[in-house]
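Notes to accompany the following structure.
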Amino acid sequence: MVYAIISPVAEHKHGDLPKPDDVTATVLLSCDDAIGIIATVTGFVNAHGANVSSSETHQDQEQGKFFQRIEFGLDRFDLDREMIQPLLEWEIGDHFSVRSSIAFSDQEQRVGVLASKPAHCLHDLLSRWRLGELPGRPVCIISNHPDHTAEAEYNGLPYHHLPVTRETRSEQEERMIGILEEARVDLVVLARYMQILTPRFLECFPNRVINIHHSFLPAFPGGSPYRQAYLRGVKVVGATAHYATAELDQGPIIEQDVTRVSHRDSVTTLVRRGRDLERVVLARAVQAHLEHRVLVVDNRAIVFG
Amino acid sequence: MVYAIISPVAEHKHGDLPKPDDVTATVLLSCDDAIGIIATVTGFVNAHGANVSSSETHQDQEQGKFFQRIEFGLDRFDLDREMIQPLLEWEIGDHFSVRSSIAFSDQEQRVGVLASKPAHCLHDLLSRWRLGELPGRPVCIISNHPDHTAEAEYNGLPYHHLPVTRETRSEQEERMIGILEEARVDLVVLARYMQILTPRFLECFPNRVINIHHSFLPAFPGGSPYRQAYLRGVKVVGATAHYATAELDQGPIIEQDVTRVSHRDSVTTLVRRGRDLERVVLARAVQAHLEHRVLVVDNRAIVFG
Amino acid sequence: MVYAIISPVAEHKHGDLPKPDDVTATVLLSCDDAIGIIATVTGFVNAHGANVSSSETHQDQEQGKFFQRIEFGLDRFDLDREMIQPLLEWEIGDHFSVRSSIAFSDQEQRVGVLASKPAHCLHDLLSRWRLGELPGRPVCIISNHPDHTAEAEYNGLPYHHLPVTRETRSEQEERMIGILEEARVDLVVLARYMQILTPRFLECFPNRVINIHHSFLPAFPGGSPYRQAYLRGVKVVGATAHYATAELDQGPIIEQDVTRVSHRDSVTTLVRRGRDLERVVLARAVQAHLEHRVLVVDNRAIVFG
Amino acid sequence: MVYAIISPVAEHKHGDLPKPDDVTATVLLSCDDAIGIIATVTGFVNAHGANVSSSETHQDQEQGKFFQRIEFGLDRFDLDREMIQPLLEWEIGDHFSVRSSIAFSDQEQRVGVLASKPAHCLHDLLSRWRLGELPGRPVCIISNHPDHTAEAEYNGLPYHHLPVTRETRSEQEERMIGILEEARVDLVVLARYMQILTPRFLECFPNRVINIHHSFLPAFPGGSPYRQAYLRGVKVVGATAHYATAELDQGPIIEQDVTRVSHRDSVTTLVRRGRDLERVVLARAVQAHLEHRVLVVDNRAIVFG
């Protein structure tokens, strides 16, 4: 069921793409650390005519690994886009176990959003896209509840209401996968989607499904974290945005934040305080991903600044 | 110009009022501190049959002042509503300089929202009302720009576009006052309303106009606080919600919060980080006011927990 | 082995006791919630001539429980000290399951400090006592290492070096119990004491042993929490002060705090950042306990403001 | 008056210097931004045989400026120490307005500490040096009060008690300058030194005097900031570490932190909360400076991570 396509909102700002002269490429790479890596990478980019607009490196001395995010303008660049990544990897050399990815700022990223009943994260993300605060472009909303129909319509987005029971889970997931693939999504955001997703679903979008969990993981994984926090009598509660993996609430953490609470907080007020964390933690994680600032290594997320 | 009245949103939750048996009264009072004040107030409430659902006191030893917020159920209370406040003040005694106010949970509070171009606070507040997160009920939106017409319509609210120039300021303010009074608003929220309001306007709504300023006051009052913060090289930026008074950015502070920044932040990223603070700081202040938790004394706001 | 008794520090400020006219009593009480409890307690105190200098109440609506901390001056009080608690409990009435404790500000509280090799929390606490920042009075330091001899001597405190191995644990604990009981300690502070204490030890000082754990519990209990945090890739680390109970790291939490970290942090820098949290979190918890602001109920700590 | 020289503390850890093979050089540089700068700098270092152990760059796009901190090992480096900086600047080219500084990890940094009566920051810094938490080495303590004699003696440091009145200010400053120059200090730390220093003093140690101010500047400069904060009714208080300059409390900010407060806080409790901020903010700033992570440009401090 697709509900709404035409938005009543006058000026959608999400998806504003750069002018040709302002297009940049962003490379994320990891390799074994070695003398000269930084000079090699930046030298390569300079040699082909680009100016580096942003470069950040990280050396994990314990593991002997090197990581870099480098962003550079393409207007005077003398290589074809598809040649950048292979030539750069060749330049660094195979024996350093290079792994890299590249993105271009004029390639619009398409986002599918899943939500169950709680709507605060969904509202917040959609508002940010309407305001032009977030890069990328939402392309569909899927929910196991009908509640967000008007919100989807207001934002000019198709709304897919796919109810689910224990018996229909795999069938419902297949339909979700179909919708998301047809919509050619680059990222799936679980904006308080309260159903557990199967490995089959997650394998379709590796490191491309971001979930918001309503506790500071690894504390209080699983259900009812605010009730768990109340019973344990903690003095801080938190929220965690992470890539969803087959192990529930164990994926790489992108962003966390916490707030102080006290014995005065009931489960109800913990939930209310938590919602403000969930909104902003999820938004920051989605933004970091869409700005190509996140590199996943060994179940840990490197989030460049 | 009133634009929209009928909301496409199915279930507006704001303004859900309590059932008759659950109605509570909330008294805020300040007086000179003296032996027995707490027992007098709570004894009075108990003697008339009410159970106290919440009581918080504060003693300012330096100034010899006593403050209390007390909330109690009315279902078995044996006094008429209009008698509670005068009898309680009489019980405490004139010579203690008592000042009090009372509110009842079944009296809907009506809120008028003013906004200029930036819409993030407006979106956030309206989303919270749609979700039932905030008490009270928005009743109109006024702006010196036409930008939020669709947002108002989506939320089922009348939208008043009142452009303003230096020459028309006082005339425009009179129109705003007229609209707000006709809408019988109990609170005016300046959700990034970028025009300076005159004393005449503020006197119409004493301690009932909440503004959000985009810095941690008293640092960086006035215009362009994020640029000021950038030039000063601060390592934290903040936001402040306060009651607007005749002196610009000098009113009683209700809520503040801050976030760490670094030399890496440009004015642009400071603005972006600040918007997340502005949203949540304003929402918390509006909530505190609408829950009758704020008492203003000598330009300082006591915010009960 | 007792090392040093005479302090080279000129003016020890810890343990400065109030003048007779300024002595206050502090009552902590919990009971079933009921109409009139607040008025009963404050009325009792007023009726016997005391002025309330501070009162804070908490109602746990979910559990139907009432909690209060009330502090009042004794200079015009007409009851003997030992009669206050029984008469107050009698006033409230047995059927409300009252439990209470009372403390007087002229009764010096004696603190025993245990520490292993890491000395940052020990240094910090001793500095605070020298500066008069903390109430109470340290009376001895016990360690399974000889490292802190000079620090104890400088602070004018006896130092007990009690090495321990798996085989000698119970014998060493008995000696510690003997020393602490002989020193008549009211509180035992584990200032990074890295040995697990047996139930036998803890039963000697129920709810009177405060431990600092170097993570935001319940995340990362047990050993090497910073390594665990590094491997999990969390974006915040924390510290937790709690009452030690027979279950390791499961006791009532008194205070917690956290700080943001990133992929740039190695285990070494996490440890360094964490030390600043450990210092201040432990100091705040010790202060709250010594100011009679902590009430333990069902493994949760109510910490009055 | 020099009081103590021999420390009773067994093992002073501050000043532990690296083994010859582990010596590193750290270059801080600023220049106009241009294509190829990063590759030039890292290429230069690599070409002479060094491995980069840490590199961080920052581009201020608004001002067209480039900043870098680069740290590299010297064991296989083929240039004499004194040649590194001039050759590197020559390599980059004059026309880019290069400014740089260099430091070597086997050059011990000597620190003079000034303090008035409040001792919490002094205690904290000295404890950190005893524990080996801070680099550098304290070499003397100067105070206008005699209070810290025992503390200096315990830490094995000379203590200079130099009382000051309005009439003797310039004379006292000359004596301080003499002591600090004779002690060959690289850094002067004002650990709550409550006297205003003259431009003459500050010119002797440009960008080498760190002060801790007990508010989040630019809010509440000058005297009694906690009283100012109380009167203004702020909901956060803070502390600021900055380089002292001729304009009081206007120097480049190195580090700031804040904590939430409420109407319950009196001036006394604000002071107490603030002390915990002052300790840690000053310690972090001193550490950043001593690790050569701070670059001052146009009254703003760039603090590398």
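The chains carry the letters A, B, C and D, assigned in the order they are written, with residues numbered from 1 in each.
Criterion: contacts are C-beta pairs under 8 Å (C-beta built on N, C-alpha and C of every residue); 3 or more make two chains touch, one makes a residue touch a chain.
For clarity, every value in this text was computed on a predicted model and none was experimentally measured.
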{"item": "Each chain counted as touching subunit C and subunit D at once", "value": "A, B"}
{"item": "Most distant chain from subunit D by Cα centroid", "value": "B"}
{"item": "Of A-C and A-D, whichever chain pair has more C-beta contact pairs", "value": "A-C"}
{"item": "Whole-Å gap between the CA centroids of subunit A and subunit D", "value": "39"}
{"item": "Subunit A-subunit B separation of Cα centroids, rounded to whole Å", "value": "35"}
{"item": "Computed distance of Cα centres, subunit C from subunit A, in Å", "value": "43"}
{"item": "Junction residues of subunit C - those touching two or more other chains", "value": "61, 264"}
{"item": "Complex interface listing, subunit A residues touching subunit C", "value": "58, 60-62, 216-220, 231-236, 238, 252-258, 262-264, 266-267, 299-303"}
{"item": "Residue ranges of subunit A touching subunit B (in the complex, touch as defined)", "value": "8-10, 119-120, 123-124, 127, 130-131, 133, 149-151, 153-154, 264, 272, 275-276, 280, 283, 305"}
{"item": "In the complex, subunit C residues that touch subunit B", "value": "35-36, 38-39, 42-43, 46, 50-57, 59, 61, 260"}
